[in-house]
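Chain nomenclature is as follows: A, B, C and D, assigned in order of appearance, with residue numbering initiated at 1 for each chain independently.
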Amino acid sequence: MSFIVEAEIIHNHKVAEGCYSLAFRAPEIAESAQPGQFVHLRCSRTFDPLLRRPLGIQGIDRRDGLVKVLYQVVGKGTGLLSGFEPGSRVNVLGPLGCGFTLPAGARRVALIAGGLGIAPLCFLYETLAEQRIEAVVFHGVRSAGQALAPDLLPPVADRVLMAADDGSLGYHGSVVKLFETYAGQEPFDFFFAAGPSPMLRALSIVAKEYHLPGEVSLEERMGCGIGACLCCNCRTRGEDGWRYSRVCADGPVFPVEEVVWP
Amino acid sequence: MSFIVEAEIIHNHKVAEGCYSLAFRAPEIAESAQPGQFVHLRCSRTFDPLLRRPLGIQGIDRRDGLVKVLYQVVGKGTGLLSGFEPGSRVNVLGPLGCGFTLPAGARRVALIAGGLGIAPLCFLYETLAEQRIEAVVFHGVRSAGQALAPDLLPPVADRVLMAADDGSLGYHGSVVKLFETYAGQEPFDFFFAAGPSPMLRALSIVAKEYHLPGEVSLEERMGCGIGACLCCNCRTRGEDGWRYSRVCADGPVFPVEEVVWP
Amino acid sequence: MINTAVELAGIKLKNPVLTASGTFGYGYEYARFFDLSRLGALVVKTLTLEPRKGNPPPRITETPCGMLNAVGLENPGAERFIREILPGLKQYPVPLIVSIAGCSVEEYATMARLMTSAGSIDALEVNISCPNVKAGGIAFGTVPEMAAEVIRVVRLNTDLPIIAKLTPNVTDIAGIAVVVVEAGADAVSLINTVTGMVIDIERRRPVLANQVGGLSGPAIRPIAIRAVWQVYRAVKVPIIGMGGIMEARDAIEFMLAGARAVAVGTANLVNPLAADNVVRGIEEYLASHGISDVNELVGAAHGKED
Amino acid sequence: MINTAVELAGIKLKNPVLTASGTFGYGYEYARFFDLSRLGALVVKTLTLEPRKGNPPPRITETPCGMLNAVGLENPGAERFIREILPGLKQYPVPLIVSIAGCSVEEYATMARLMTSAGSIDALEVNISCPNVKAGGIAFGTVPEMAAEVIRVVRLNTDLPIIAKLTPNVTDIAGIAVVVVEAGADAVSLINTVTGMVIDIERRRPVLANQVGGLSGPAIRPIAIRAVWQVYRAVKVPIIGMGGIMEARDAIEFMLAGARAVAVGTANLVNPLAADNVVRGIEEYLASHGISDVNELVGAAHGKED
């Protein structure tokens, strides 16, 4: 079930370089959201910009009916969104998409995030913790400035290994390389990853090498977000080699072995 | 001289049914503005709506560099404008247009306003007072709810005769009719008027009857506001009967006898 | 009682609000947001004879007050549609209009036959914006003779009402309307998307994988209104107006320009409730303006003298 | 040193930024906001032989991310322009391009002669979007033969560079570009406004007194970019791109699509500093991207393979 909510904004403030935390009240969405699902937000009351913006759900507070997202200001939509004041309203459609699937019997999993890919993995971490599945979080950022304070990532905060492309924090290099240094040593049953496409692609190669099954959350430009317009296609394995799937409705989470990388 | 200013908003709040008072800091504009001139405001940071909105100058505070306008929320632009918070900025182009011309030797004048046509007449009243010219203000509104509190119209407040179309305040009927009841009795040397076109047209007929010279401030949809695009035309007397003038640059104030009414 | 029903090429619609092909999937994606029987009719995504994968990503980009898409007619093909999707569509108590396309006149003919014999379809919308492979890829809808030829063969292959969907990418849309009506179209729908393009100034390449795409949304509404206005003066058949309808007031603008029905397109992507809101908003406009029959709006902006 | 100069039909411009005819008056309205010699060239409002009053009000209305205008070529006529306005324009150290139009081929010819003999004009932009009175009011620019005929007679009547300004309201703008170049145009500028319409749902009449108007602004940019892209592949002469340029990034998009110069139009109405900002923004883009010559951008989005 998905809902359209004129949600009251609880907070909306900067938490790192160009990165904002937004919480809004939408009890229907909070009630039914699953880790890996996303919300689709209108960033303007006018038609410029016209389309909604998809953001992964970082966490929910079912008691207060709150939904939290983390977003990077990259363009017009997120720029306008960062100006929304607490107390005002944002039009939200969600929860949307198919979230992560916990593999039966998994006991130790790796969560691998590039940039704000950390958001849906926070939500996932919480759910794993409830099911007493151990998770190690690998989080890559470009530079220390983009790293989020531990109190922003409460569930994962004490189990996170950082990597920074520029060496300003934690491991010097990509999060995939960081993960690789562990993958050889520590036994993981499964992995979940979210982040930019090139990172996920690199990760898929590493995972294959270590015979590690997993799921990745993809991103593509979206229209409707509900599976109707066929604008958000990605290649997945299919009858004659590959077929197009809809990131918004068939994903955004796909088993890593299903994805046909561009 | 005209200026483009990212002006800080000092206040922006409702003062009557659908009517807002906006003050912003723009010392260059405050310095040079004349009664009857207008400012051209952007009501959005995006391109929807695209064009600026013209608003007459209600008053200025040269010491603090403030400019005040009064506006009615009638559509998209003014609707968005009413959401601007004090402390934020509004992009203003102004002062624009040709204002009122005080006739030499005038000692007693009538100021006749329909709706928010009162705004430029407040500014004019102040200037007349400085020159010790006596002014009587006739102000028509649709209904009492649209009337502004006296403290919003400080200069004119004690010299204003109200008319309401629905009889809920002052004279029951149009402000033109109200003015007519006085025009026959009291001697005026000149009149200045601002308001909707049908009102000004009716007024022009009354003025002709009483041989009263005067000036009217016209409204037309505008593009540039600076005389370049030729989008804001109105008919005025000219060589072969009539010609088009530009409301923004040749007006908005025209001698009443120059206007060829539609 | 206010009448909102309109008649369109022999089909009676309870109100003039349709969905624009390609923006409403096959309906069920929206059924979780509102009751589809609220609509005047359902128009589904264009179908072709064979399944089509469509264009590679990115297929969409945003433009000022609009969007550009190059989905490339991805669809499951006629056979799978009839077998797997049509049975589900029948459950909605709402007239069903199926949009068909082809890359040759023969394909249009086959599609018309297949859909007609499939049953439970109320009308065919013929999307003539497709490239004619035999004519070097020129879109059927941009050449009067080719447009007319398509409608003629569809007419020969169906007894369903035919709606010809016109492209605005022509010098004279009214001229195209005239020839498709002569060729047998019972109604025309307009406009399809306007060809456009966006270039990424960092990558220095077109944003869409397909380079060009179709512009839709509020940005094109003035173009669409003008097209409906011109076509209304040129032909007598009913017009389905579309292009940037976001709210009821936009739909009313189309009706005043001459549309007997309207289709909500891009707005569905922005707000899944858009079509339902338009239905409600038209009712409110009629009530608040004391208009007892929605048909009074049709072409009313042309006035008496024109 | 970064080179921003471009050559356009024999005129050397210090940068590729022009003003779009009709949106910049005769220049002086903007001279109080910035130094006009910052511009690549000044293009003035279209002139006709006789003075024209233009259309009655309202001439303008707003549309989503755009505007519709029907000024109707109000202008003082050739004679008064030459006598009263041209002397003042000479004072600005910036190339001057005069836009001319007519309702007959003869009027175009006379205009070309008059403007050429007036002196101190650097090029003629020929606005072929005007209705041809003899052909029942069809715009010259929409019929290849008529468009070519206009350019041919202008060519015979001037030795100034000729820029043909194309209308987008055609099925095949590249085809029109080809014939006007064959007829003697040294450059083409595109696009003029897109025909559109807005209806007032309260008055139930078109908003503009002229009923239809020309759509401009960001809304039409994707249409204009596509047009430049297509024309770039069809002709070798330089292209002046315009349509919804609000900022430098938009101008760069046009250059990547194939424009050697760009014109700022509606943006001047929104922000009198727009053209100057575009000049500055292009310089910044070149610097930040390590591009030493603005000419490298021209057509770069077409890539090598195409």
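Convention: a residue touches a chain if its C-beta (ideal position, glycine included) is under 8 Å from a C-beta of that chain, and two chains touch if they have at least 3 such contacts.
This structure is a prediction, so every number in the text was calculated from the model and none was measured.
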| item | value |
| --- | --- |
| Intersection of the contact lists for chain C and chain D | A, B |
| Most distant chain from chain C, judged by the mean position of its C-alpha atoms | B |
| Computed distance of Cα centres, chain D from chain A, in Å | 47 |
| Whole-Å separation of chain centres (CA-atom averages), chain B against chain D | 36 |
| Where chain B touches two or more other chains at once, by residue number | 47-49 |
| Shared interface positions of chain D, touching two or more other chains | 64-66, 217-218 |
| Touch-based graph of the chains, sorted into line, ring, star, complete or other | complete |
| Chain A contact footprint on chain D (complex, rising order) | 64-65, 218 |
| Interface residues, chain B side, partner chain D - complex | 1-2, 4, 42, 47-52, 91, 93, 220-224, 226-234, 243-244, 249, 262 |
| Residue numbers on chain C that touch chain A, as the complex places them | 22-25, 29-30, 32-33, 45, 53-54, 56-62, 64-67, 69, 71, 74, 217-218, 246, 266, 268-273 |
| Complex contact set, residues of chain D against chain C | 63-66, 68, 142, 169-172, 194-199, 201, 204-206, 211-213, 215, 217-223, 225-226, 229, 244, 249, 252-253, 256-257, 285, 300-301, 303 |
| List of chain A residues in touch with chain D within their complex | 47-48 |
